[in-house]
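Accompanying notes for the structure given below.
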Amino acid sequence: MDIQNLLDDIVASVQPLLGQGEVADYIPQLASVNAKQFGISVAMRSGEVYSSGDADVPFSIQSISKVFALALVLARDGDSIWKRVFREPSGNPFNSLVQLESEDGIPRNPFINAGALVVADRLLSVTGHPASAVRELLRQESGNPRIDADADVAASELLHSHRNTSLAHFLASYGNLENPVEEVLEAYVKQCALAMSCTDLALAGRFLAANGARADGTPLLSRSQTKRINAVMLTCGTYDAAGEFAYRVGLPGKSGVGGGIVAVVPEHCTISVWSPGLGRSGNSLAGVAALDEFTTRTGLSIF
Amino acid sequence: MDIQNLLDDIVASVQPLLGQGEVADYIPQLASVNAKQFGISVAMRSGEVYSSGDADVPFSIQSISKVFALALVLARDGDSIWKRVFREPSGNPFNSLVQLESEDGIPRNPFINAGALVVADRLLSVTGHPASAVRELLRQESGNPRIDADADVAASELLHSHRNTSLAHFLASYGNLENPVEEVLEAYVKQCALAMSCTDLALAGRFLAANGARADGTPLLSRSQTKRINAVMLTCGTYDAAGEFAYRVGLPGKSGVGGGIVAVVPEHCTISVWSPGLGRSGNSLAGVAALDEFTTRTGLSIF
Amino acid sequence: MDIQNLLDDIVASVQPLLGQGEVADYIPQLASVNAKQFGISVAMRSGEVYSSGDADVPFSIQSISKVFALALVLARDGDSIWKRVFREPSGNPFNSLVQLESEDGIPRNPFINAGALVVADRLLSVTGHPASAVRELLRQESGNPRIDADADVAASELLHSHRNTSLAHFLASYGNLENPVEEVLEAYVKQCALAMSCTDLALAGRFLAANGARADGTPLLSRSQTKRINAVMLTCGTYDAAGEFAYRVGLPGKSGVGGGIVAVVPEHCTISVWSPGLGRSGNSLAGVAALDEFTTRTGLSIF
Amino acid sequence: MDIQNLLDDIVASVQPLLGQGEVADYIPQLASVNAKQFGISVAMRSGEVYSSGDADVPFSIQSISKVFALALVLARDGDSIWKRVFREPSGNPFNSLVQLESEDGIPRNPFINAGALVVADRLLSVTGHPASAVRELLRQESGNPRIDADADVAASELLHSHRNTSLAHFLASYGNLENPVEEVLEAYVKQCALAMSCTDLALAGRFLAANGARADGTPLLSRSQTKRINAVMLTCGTYDAAGEFAYRVGLPGKSGVGGGIVAVVPEHCTISVWSPGLGRSGNSLAGVAALDEFTTRTGLSIF
């Protein structure tokens, strides 16, 4: 199959969906994005990239950053993080406190906000500058040295962070933060404010399709660690729609409220999509449809 | 790799785990099983079977039957079942009523008891004799015409079915059962009481590794339906430990309180394990360890 | 103050509310009641009765029966029932299973359905015929030998009892029923189907205002037991609006979905009201307003 | 009855309970209190006071301050606070976030921490110095000008306030705080750190037994407002044991983790007790026992 043609077809077929769904509006910087944009990129394990649509427009990766933060913690600190965060789907909204309360301050998984705060906290302990560490990883893997956090997004997130601040203090009340709440929140917000394009994102995620090998061939993660991140993405990567995503798309994936999603075909490639309109579960409406079409037409699926 | 040698190795390595964990004891027929048994079988898509340990001892498949019931409903009735049951992990125990109440009587997935009752109800509507339909499927796929429900287990389950009866009436109170509660419960209990060996089970599940093709080559399910069952197994197949199972084993799987588990390597093979001692989440302790070793040593994993 | 004038005033002032709210419609017998009816009665401890409006029209007392069943269990069996049911407000709907699950099958209080089933179960063990026992109590205290269960209501309730059947099996699954589920449900439904007028109800409840003394002067309950029933009524008697009822009315009270409420001024009198239209929490809209006016104008309140 | 003799009797009878239960230990200032102390005071509506035991030892009133803060908000701002906080029992721990999440940031009642933060927020808006306003009220009503906040307790609470900070940000995330989170928390913590003796407390609460009249005869609250505070105390004043407290004691009351409780006999008197050892629900073990004995022997009860 000709991948470029396929991506162009997909761009055409999702046009009726563009502008549908809800654009995240809790901060003005996200609300003001043109909702009719759509981009898609595929990065082969070998390094080839195919892109179509608005694949070179940078967008706010938001929760997708959680995958890279987790990878860095596992790379530098090993499996000890799993004592502080579970690996199970939550069955509750991503910013819920309910389960956290009944499970004594141990978040259900590293991709709900509470779990990502724990990971950010550990990355802060290990690196001193977690957002910079994530940024450097993204720059090196994508080969794009201009990837950076959007300062306006970060500043605005901090002004609208009551829920995450509440989560962080809640974690702290159970003794599950090592650093001061304010520092953890700042690191977390900066990490989420990183902006990059579909092309950047597909390239940056290649290690997930390459048994943990970085772009330069050196290992970031072991094969086993890589498989395990993919497993967590599949069961927990798309909010309370992980079952639906596995059912429709059949690949490990991680979404963000900015409208991006990165998906992984283990051993083969990564696929990134972006379109700001979100479906009811907070995942990009056109993005999920595009991935559905991609896997249906290529036959690529882990199942 | 020599599969037979590998299975023999695994039988040796799980010996220290046998007798650990808790054997299901809510009915005497399960409680009285010798806890130190362990069996494992691998059925290749081509039909070859490898077995070791107590792989020919029949055991009560219990919740594993839910996969076969779901396959039959999809085969005969298509996707309409998904209007009556979701496909998301629950984050709660398999027999919980909490989420059912907050989600208006739509069970989270077809593998928690509430969802399996809805599937059994639909199979009853479609076939008239759901337990027989499941039994016939198992007999034909395994080639073992002696597979049958254990009448003592079924009778005993009915005497200890207050929780499932409660679930069924709860579903009925939301209008989510088509048949009388008593008939649905009887069908469900008989289906769960089916007994078969690891070898039978690995053979019977082959269609999940064969894009839906039955042992005789005819299609039971479409390729897409098969992938989707595997996706639901991965996200929801092992009670509230689906994330952990995906993380450790990396394959779609479905477990039962009788201590059996069936796992699927799409396009390749099915693996079945059985050992009665259950871990905290209700999955066979030695069984999960065996599958972990199997995937680690073969490198077979979907991630 | 002239009580008769006051009651007549109240009947006049609630007219604008009649027909508002929702009439219980889960069974046709309740749904077909003329929603514009309103009755009020006051029974002095001494035996005098004042009535106005539709005070002599019999209505289905439904959950109000729970008070009399509880009184009989305490009278005949003492405090042991409190091992099987708590005395705390639930913070959840009257027919919820959530809290029951997290608290191991011990209902929060005797006035939510689960708790009332436990009381009915115990009354069945103690008397053999719990609905008859409640009926005899009501007849003797009110002096009206024609009080009886409405057979159509009882039959219809049984046909629409999936939720209560679910609750009963749930209790049974925790070992918190002594009798077969079917017998407990039948007793409970018959007890709830008892029909009587406001005048009957005010008279029948007098023992709650008389330190436990029956109409004939003999003790039904001790002073302490009586106070305690009143305490449970105040904190748990009006579904999830007990706080609001205490705030507005300031008296112990028990409501039913038939639109009746009985309230108690300890040492003084009982007041009963009836109007079928229910507010959001399931309590009679005009009934609560009438009690509010009664306590405001008389200054009678326990606070 | 001779009240002084009765109080002396009660002091004697609770001796075996002193030292039982758990002293609050989340801050060192509370943990270090001598657990074997017990005091009791009764203040008649007329102004007479009877005391026994350690009735003149100041203790940290903690949550009891919530009653006085609520009284001040109602006195100065009327009923508008009820748009921001409900009046229903919660059925959950005092510092739980669960119900707050399912009810969109409206706390269940003004006596759980979330509700008290909303009240403190409003008092801050109305007075500018809420802790001072509460302190002045307590000083004037008790006639003790030395009542003050314990600065060490306040400072220590702030250092251990992650849970309350989490609650406050959670409220803010729903738009249910008017002032900055930090200012609300500081006001709240200072108010809870007020220290006073049983004698002070009984005197200070007299307006609750006097239809809202202050010690100098001027009105603080209307009769109706006073009754309503008493109603909220009865249904919500003693954490998740309000039903048990109503059942055993039969009076409106408010407890604090410092081991104090104030109870009200409307129109008659207030009773205050103090002993640091707490029962499972967080109410003073000896304090509840003493109030139980007091109401049993005097026959004073609202039921």
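Chains here go by letter, A, B, C and D, matching the order in which they are written, and residues are numbered from 1 within each.
Methods note: a residue touches a chain if its C-beta (ideal position, glycine included) is under 8 Å from a C-beta of that chain, and two chains touch if they have at least 3 such contacts.
Here's who's who by UniProt: A, B, C, D = Glutaminase.
Remember, predicted model here, so these are calculated numbers, not experimental data.
Chain centres here are means of the Cα atoms, and by that rule the chain farthest away from chain A is C.
Over half of the residue-numbered contact pairs at B-C are shared with one candidate from A-B, C-D or A-D, namely A-D. Remark: chain A and chain B have CA centroids separated by 32 Å (rounded to whole angstrom).
If you average the Cα atoms of chain A and of chain D, the two centres end up 47 Å apart. Work out the mean CA point of chain A and of chain C, and you get 55 Å between them. Across the assembly, chain C contributes no residue that touches 2 or more other chains. Which chains touch which is summed up as A-B, A-D, B-C, C-D. Chain C meets chain D in the complex at residues 86-92, 99, 108-109, 224, 226-228, 230-232, 234-236, 240-244, 246-247, 250, 252, 266, 296, 301-303. Across the complex, chain A meets chain D through its residues 96-98, 101-102, 162-163, 165-170, 172-173, 181.
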